[in-house]
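First chain A sits with chain B, and in the next complex the same chain sits with chain C.
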Partner chain A sequence: MKVDVVLFATLAKYQPDGAGGRHPRTFDLAEGATIGDVIAMLGLPDEPRVIFVNSRHADEGDALSEGDRLAIFPPVAGG
Partner chain B sequence: MRDILRVDMSTGAISKEPVSAGWARYGGRALTSAIVFKEVPAKADPLGAENKIVFAPGLLGGTSAPNGGRLSVGTKSPLTGGLKESNAGGQAAHALGRLGIAAIVVEGKPVDPSARYMLVIEADGSAKLERVDAWAGMGNYALADAIKATRPADDRYATITIGPAGEMMLKAAGVAVSDPKNYPNRFAGRGGTGAVMGSKGLKAIVVSDKGLAYTEHADKEAFTAAVKKFANALNTHAVTGTALPTYGTNVLANIINEAGGYPTRNFSSGQFEGVEKISGETMREVTLERGGNVKHGCHTGCVIQCSRYWVDKDGHYKTKGVEYENVWSLGADCGIDDLDAIAELDRTCSDLGLDTIEMGATLAVYMDSGKIAFGDGAAALAALKEVGTGSDLGKMIGSGAEVTGKALGVAHIPVVKHQALPAYDPRPIQGIGVTYATSTQGADHTAGYSITANVLAVGGTVDPLKPDGQAALSQGLQIATGMLDALGLCIFVAFAVLDLPEAFEAIHEMAEAHTGLKWDADALMQLGKETLTYERLFNDHAGFTPADDRLPAFFYTVALPPHDAVFTVTDEDLDSVYSFVPETAAALGIS
Partner chain C sequence: MAATAGRAPHGGPSVQLPLDDPPSSDPRTNAELRARLRACTVAIIGCGGLGSNAAQMLVRSGIGRLVLVDHDRVEEDNLNRQFFFRDQIGMLKTEALAENLRRIQPDVDLSLMTERVSSQTLIELVRSADVIIEAVDTAEAKAMIMDVCTRDLPDVPLVTASGLAGHGSANAIVTERLSDNLYVVGDLTSDVRSGLALFASRVGVAAAAEAHMVVRLLLGYPEP
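Showing the complex of A and B:
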């Protein structure tokens, strides 16, 4: 299944193509793959993060589906 | 000993009096709100002689408390009609604190409306009013240069100034405070504080603290230890130690957009297709390419360092690194995706002395009327510049989103208590909607920043799309914010305080070591409750009712994409947020 993955702020550099930037990359994942599987594949640091799938908050154990948009942020805030 | 400096603009008299014993724990917002509650009739004309404008450093102002340099500006708001407190960073709060000045109270009104005055407070504590009629109509940046020319070359001073919008007494006029380089770019922007200053004929306040050291403490050793503990917590937390110093406040653009809560084109969508072009990450990259500064504090003693400077294509200073709220208001809310265009709008707001949130929301409403097109940065700038000319169009724009929207028949006017909503749509982020609706300040994100648990997973999590738990979340944050504003701490410390128990402990340890009074967690929360109680009671006396604690109707009925969300928190929940007021008022002996 195909899933779009987008990484923000300090995480952008973990995109496998090394090009950084906040544009989505499409990955071909095994059926039933979880968010945690993607995090492991990308080698994201073991630090707190905020995860969205299709603009809703999600957890690392959640399974992904065809066409999902997975967005991962380090802890950020402002205002 | 802390003094109140009282300046009577009717007579020119200046006097000092000690802060009353009952207010020994009050600084910043607690003091400005208590003074306005006690001294200004709730039904007073905000631009008349009966109103007062109060400038107060926090209780920790003038000390080395990390991020302790906020300046509160309090008055009866000409925009909301309620008790207003708007606070800013910059250098003025510490300067006043070092001088032992707990508050400047400006009252009365000069007989001659064309008179302009500058209040000059010297480092020896002397104060005088000077006539500066020649500065009438001057923008904040030219004014900063004019003030500099009056000061000794080796002086260290801070300024509090208004631009032409304040002199014209427009409801969106704010008060500018100088930053460490004396740029007038930090703002107590909201609620028309600049208009009240203008109504008093007060163009500028200059405070010199040359040669003055930090103020003394009841227990210096304990204070130093608490400062170290607090600074360590701020440096450790991922938000205050990494994200904010690296990207600035605009790091929020992408995550609020991802959550579907980034109000776009006058609150008609929750996502902006141009967000990447105006995001905090892009701002950092462009600023570095142009040789601009991407990390400094807006005031001495800031350890978070989220400020930066935006420079033009030739590397010249244009304005402060535009903050998240203003990139949103002057950008996404207007459909503008060009950071240089946004920076020009921000600079113009700063120079004219206008609230950037109110102005962006107003320009978006103006665009929604069809007078100019969404996304047209040049047309937006031309409309904004009208404010400086005093034309009818300029006066309408400078009066804010509600006046503009009503004049032009716009259906969706995003205001609460006549004040424009900031950069989070309350439909997919319902917790912030509770704060907008119920805050004493009108729509104000800083009053109770529910974005923390709703979106950012700071201080726990509360589902942003559901009404459950939002009233309790907002209430707790509003009380805590009242406390931080009273101490003069930047609210960004809350990101660490909500997650790290030692950061919260350090706050009452600093307060106790500084004042010599007993402080603990309960005393901190009591300070927050008392602050809000003065404001809430004043607003009651001014005529506010529960009907004023609601969002505009369209947030309840018009679904916002992408979540197709509407605001669903019940009126009963909204009316529960200020349930602590009767008990707190009784304990204070006020009604």
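Showing the complex of A and C:
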């Protein structure tokens, strides 16, 4: 199944093409793949992050579906 | 164009129209806009550099009720950017901020929640809000608040901040809509964990941007 993945801010450099930027890249994933599988595949650091699928809240254990748009945002400190 | 059309000719419900061209009253204090904001509740999680400054701007903008959440006390090194005064050192931030806000607007309705926010307590603290501001300092707490609010209160807009440290350009601080009801203010990358300092001027830009996004949302404008 095909899923679009958007990585914001400091995570953008983990896109496999190394080009950075926040435009979506399309991944061909096995049926039943979870968000956690994508995070592991990309090697994202174990830092605070917030996850959305199709602009709604999601958890790492959630399974993805064909055509989903996965977005991962890493907040940074300061206030 | 009138801000509110009032009763439809057939006696149906009033229709809300855009507010770009308010009626003839003084545009600086437009009574109709203020009446709308006065009926609103904004929860502010964290009363430090972001939250204390956003709070005073929201009170000056006419928001009727604020829920202030913070467990901490005012310290001397807060005075470089937070809306407190030297004689308030040692006070609970919620109580010191309430004192300052009431000096601006004695009638403002303030609910003080002096406790540390956790994923278990957060929703009960902010449930009454029309809009929530995230104004904490650690990345972990920001992520937790974004996570819990977007999961459990998906219909309540959440305005957050990420990337406001350092002496980078103020112009790099922007407001974006990350998902249906999640807004983020900041440059998204400048991080105090990288050793960047916090300046009143740049933190203030972010606080103002958070406050202004709240005002826009409450007036019916969902885009930054």
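The rule is simple: the second predicted complex is superposed on the first by the 75 of 79 C-alpha atoms of A that agree within 3 Å, B and C clash if a C-alpha of one lies under 4 Å from a C-alpha of the other, contacts with A are read in each partner's own complex, and residues count from 1 in each chain.
Going forward, contacts are C-beta pairs under 8 Å (C-beta built on N, C-alpha and C of every residue); 3 or more make two chains touch, one makes a residue touch a chain.
Here the structure is a predicted model, which means the values were calculated and not measured.
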{"item": "Chain B versus chain C as contact partner of A:S55, first or second or both or neither", "value": "both"}
{"item": "Partner chain in contact with A:T26 - chain B first, chain C second, else both or neither", "value": "neither"}
{"item": "Chain A residues contacted in one complex by chain B, in the other by chain C", "value": "8-10, 47-48, 50, 52, 55-57, 71, 73-79"}
{"item": "In the complex with chain A, residue positions of chain C that touch it", "value": "46, 48-51, 135-140, 142-144, 146-147, 150-151, 154, 160-165, 178-180, 182, 184, 186, 188-193, 196, 198, 203"}
{"item": "Chain A - residues contacting chain C, complex", "value": "8-10, 47-50, 52, 55-57, 71, 73-79"}
{"item": "Footprint of chain B on chain A - complex, ascending", "value": "8-10, 12, 22-23, 47-48, 50, 52, 55-57, 71, 73-79"}
{"item": "For the chain B and chain A complex, residues of the former touching the latter", "value": "237-239, 242-244, 246-252, 254-255, 258-260, 271, 276, 279-281, 306, 323-325, 423, 445-446, 449, 451-452, 455-458, 461, 463-465, 491-492, 495, 562-563"}
